[in-house]
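Next come two complexes, and both contain subunit A; in the first it sits with subunit B, in the second with subunit C.
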Partner chain A sequence: MNDFNRSRFIEIGLRFYVVLSFAFVFAPIAASFIFSFNSDRFPSIPLGAFSTEWYRAVANDPLVWDGLGNTLFVGIIVSVVSTALGFGAAYTDFRYRFFGKPVYMALALLPPTIPVVILGLAMLAYLSRINLSGQSVSVIIAHIVICSPFAMAISRLRLSQMDPDLEAAAWNLGASEWAAMRYVIVPFCLPAIFGALFITMAVSFDEFAIAWFVSGLNETLPVKVLGFLQGQVSPRINVIGTFVFVTSMTLVIIAQILLTRQTRETPAKD
Partner chain B sequence: MPADPYFKKTSTRKMLGECPKMRKRISLYSLTFSLPLFIWQVVFFVFPLAFLVALSFWTVKNFRMQPDFDTINWVTMYGRSIFWQSYGLTFAMAAAASVITSILAFPCSFAIAFKLGPKARQLAIFMMVIPFFTSYLVRVYSWQIFLSDNGIINGFLALVGLEKIAMLNTVFATMIGYLTLCFPLVVLLQLFSLMFIDRTLIEAAHNLRCGRLRTVFEVVIPSARVGLVIAALFCFILSFGDFVSPIYLGGGDPTTLSILITDTTKSGQQWPRAAVIALTMIGTLLAVAFAAIRFAYKGREQ
Partner chain C sequence: MQSEPLVTFNGVIKKFGAFVAVQKLDLEIHKGEFLAIMGSSGCGKTTTLRMLAGLDAPTEGEIRLSGKPINDLPTWQRDTPMVWQSLALFPFLNVIENVEFALKMRGVGAKERRTRAENWLERMQISEFATRNIAQLSGGQRQRVALARSLVVEPEILLLDEPLSALDAHLKVRMQSVLQGLQRELGITFVYVTHSQSEAFSMADRVVIMSKGIVEQVGTAQEIYRAPKTRFVAEFLGSSNIFSGKSDGNGMLATPVGKFRLPQDGTSPQKGRSTTMVVLDTRSHLSVEEPGSEFDFVHAKIIGEEFTGATATIYLEAEDGSELRVQKDHDTLAALPIDVGQPLYVSWRPNETHLVSDA
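Take a look at the complex of A and B:
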């Protein structure tokens, strides 16, 4: 390695830029956390006194609990169903080649790239036509559409780390296809399956736009936040925001630890 | 996409006549795994979008929608100057956002790819994935705290004795919102294309006494072009469809297409007109995506 193009100054500058980028990305999350404990009604600096009054206000708001209940209900069903669907599609892509596969893959992966306003409008119009709008189940249906591609991608990554001969070996030893799935493939993919469960739950937990279009009165927590935003400035949003951040960060961190641990345990193959 | 080794091996197995069970392609087993997602996405993704097309030809009479085949919605919407104004504005803002985000993200992804050790790089990727999955809505609200007239930034300016700057409800604030939405994803996509650049190319350039900046512009950027263009494309798609930043940071004025859709949908029964806007947006996005991918692969595969 020659040192012709190395400059300490630029190296330090670039590293500083990375730190600055992370500061920009995490500033809103940090601000939400700090101001949720601030006694002033209108957030600014200098800070007011430390206070947990907004937490108490939120905890005593039955609407927030309703929203949280809906969010959890929707999130758990969405994560289980979309992980199952996504895993099936990933396995299909891994194992089979068939006519029209590009179309299949497009259907499996495209939904998150469609702007949520458009998907929200399409879902609202379509679901109200078949009498499924304005309920929790409408949110569940729509969220599975956008969450299963994430589960599919995560499962597919894990499957590509698997030696394809493992499955064939199981068959040769007399296992049925179902038994090979049950005792070979699923155990191998377990970290990815859990990772997908957590990631899809985080996606559903944070999705507000489609939910806002189709939910009617069964609002999820993020839709409640959208309502708050339209109304008054209230430090309560910071409290809910902190809660939302902590929850989805926990989910994503667990998922990432699961997914990076698995790659380390499996020696890289060429 | 890495090549799947499975299929190559299948053919060897076929020759050896092993394992007859796997010959059957269409079986209860294969359908159990492949069909559920397919059915779900056809019924709840393709059908709604197709229905949107039909809906755009419906008519509204006495505040009730009825099935019809009338081009009135298209004619009405396309005849309005406000529609074309917001179309131009939305397009320009999304284009600006993808250029600005790409430029601001590049030094960051470059540094992560080339200047950090493996451990630090993994941590940086780990950290960039987190905001992608944390509530964008709440992050935008949080930017209000920073940017409002009595917010953090103006509070700080007052402390050091400077005048207030009006930042909320400006295009600048909307851009901050777009940046919040797209920056982590753009960094990640750029990063993945930069990490796969053949390092020997860069070393070769350096050995040939190619300067630092020139190496970046003539070796690194051309080699990573596909990833960089796709990152910018995703930024365009996300900002083009976003309605949160233009409303809550940009103040809703001037109106973007996404605001037009939410307003038209939530205020009354003018869904067919909203469908016209949505379809125009999809058409635009498809055209932009097609052009971007053509550009990304131009001269690549000959």
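Take a look at the complex of A and C:
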């Protein structure tokens, strides 16, 4: 960027503004992180001694392990299924032209735009009618609905970077449509597919509202957190909050690395 | 040429919705020939190639390969590999994996695949790049990889879709001779689509000129250059002076810039008929004084000059605003007053002209 003409004053002001924005966003998380290591029962300043007792308390709580188990079980299945669905939808968009395609695409992208409370309520009403509410599979179905559009968006971005001749070149060299999918399209999209796996897992991991509505006794970790909050003010919330944050950030960062690298690897046209 | 053509287009029509990309194409491609299909963008040349490759299906008509109809054969079951304008190399595979791809798809074992791919890398002089990424190669090297990838299956025919358009001028000339050498050595058929006259004329045994989905002329470079059949071809080649007017029925052509003798080939058009006559710029002459009666001539003013190596082309404008061109060597031109605005006579011998159809 050419900032030769920019005044020093504005430069410093802008930097300060960026730092302030990040501080605003991350302060609560940082506070939660700090208090999770605080020996005091209540989050107040001055801090007490450094302690991992709340971590021990969480680790010894079988209910937390239940929630974590559910979250992982749901998260893995959701990420695999929604990535497969999302990739399929993105490929359909890339490859075919058909009547009503804009409507199809709009529908496919719709779920994340619906307020989660409404979606959760609708899911509960629908799933209980077909006797699928209150189970892990209910959360899985609901999460696939909100995660697939993310997977589709990521896959679409990657497909849009592909030379459209690539697939035809594979056919022309003797690859059937399935073989071209397996040996050309999927390998080309592999970074995006992994990125989508991680992002959708992170979305499922964090999602609270819908899981709260449909999970019944098979609560995921965020739903468990609410349980803690309602019962008592316990620093264990900070521990779980920190854990969920670190896990989600790790997944998102891995996805980000994969997706950035793929863009750079795309060969320059000459 | 051989009696049995390798490829036959029989009344092939291709429509995209209401747009007719190729209109009633009848064309035979012989075994072992280097055929160029030339035209400006949107003329149907690439569509023709894609139909032969099996990437587009003809709307009507039949395409035969080695005598067998191939209309319903999907591209992966034809042996018609194509070299793409974008090259379409697989960026996630290295050089040798790219070359092996077609063999892998045909179920050739890993060991044989490697050997055959290595042979082609060697042949294309890119062995040293075998394990490189495509992104690390130069334009010319990629070109060679693309050729090796298509030729590794040892096809009878190779389709090339403007493969050199992305290269620098000097590299283009080198790749042209590589292609030409390869085609002679392998003895297989090359079908080469291009918009470039120099590429088509310097490499191909026969050239097909297309415009708006119609074949305007098929012939050797010499035939087409010396005797363009239609006004379009003459204009497309841009190396002739074109005169349009009406025949007076007595072997003369009346044009806005003068009355000229029509060629004496016994096909004198009827009186009053619209007729177009052309004469090559290399067969046209310049003079300060009015030429003798053995010449026909136009009075025109110089509007520009272009150097083309050993010769230069002088552009002139006749009184009615139509453009004329004359190509001469520098010695001849040195004896003439070549300045913009200088009036000169552009002349030619009537027996150097010929008629073209206006269609």
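Quick note on the criterion: the second predicted complex is superposed on the first by the 260 of 270 C-alpha atoms of A that agree within 3 Å, B and C clash if a C-alpha of one lies under 4 Å from a C-alpha of the other, contacts with A are read in each partner's own complex, and residues count from 1 in each chain.
Here, a contact is a pair of C-beta atoms (placed from the backbone, for glycine too) under 8 Å apart; a residue touches a chain by one contact, two chains touch by 3 or more.
This structure is a prediction, so every number in the text was calculated from the model and none was measured.
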Which of subunit B and subunit C A:N172 touches, first, second, both or neither: both
Which superposed partner A:P187 touches (first subunit B, second subunit C, both, neither): second
Contacts of A:W65 with subunit B and subunit C, given as first, second, both or neither: neither
Most subunit A residues touched (candidates subunit B, subunit C): B
Overlapping contact positions on subunit A, where the subunit C interface meets the subunit B interface: 165, 168, 171-172, 176
List of subunit B residues in touch with subunit A within their complex: 2, 4-7, 9, 13, 18-19, 21-22, 25, 27, 29-30, 32-34, 36-38, 40-42, 44-49, 51-52, 55, 104-105, 107-108, 110-112, 115-116, 122, 124, 126-131, 133-146, 150-152, 154-156, 159, 179-180, 183-184, 187, 203, 206-207, 209, 211-212, 215, 234, 237-238, 240-244, 248, 258, 261-262, 265, 271, 274-275, 278, 281-282, 285
Of all residues in subunit A, those that touch subunit B in their complex: 1-2, 4-5, 7, 10-11, 14-15, 17-18, 21-22, 24-29, 31-32, 35, 42-46, 84-89, 91-92, 94-98, 104, 107-108, 110-111, 113-119, 121-127, 129, 141-142, 144-145, 148, 152, 160, 164-165, 168, 171-172, 176-178, 181, 199, 202-203, 205-206, 208-209, 213, 222, 225-226, 229, 233, 237-238, 240-241, 244-245, 248-249, 251-253, 256, 260
Contact set on subunit C toward subunit A in their complex: 53-55, 74-76, 80-82, 84-86, 88, 90-93, 101-102, 104-106, 134-135, 139, 149-150, 153, 166
For the subunit A and subunit C complex, residues of the former touching the latter: 163, 165-166, 168-176, 179, 183-184, 187-188, 190, 265-270
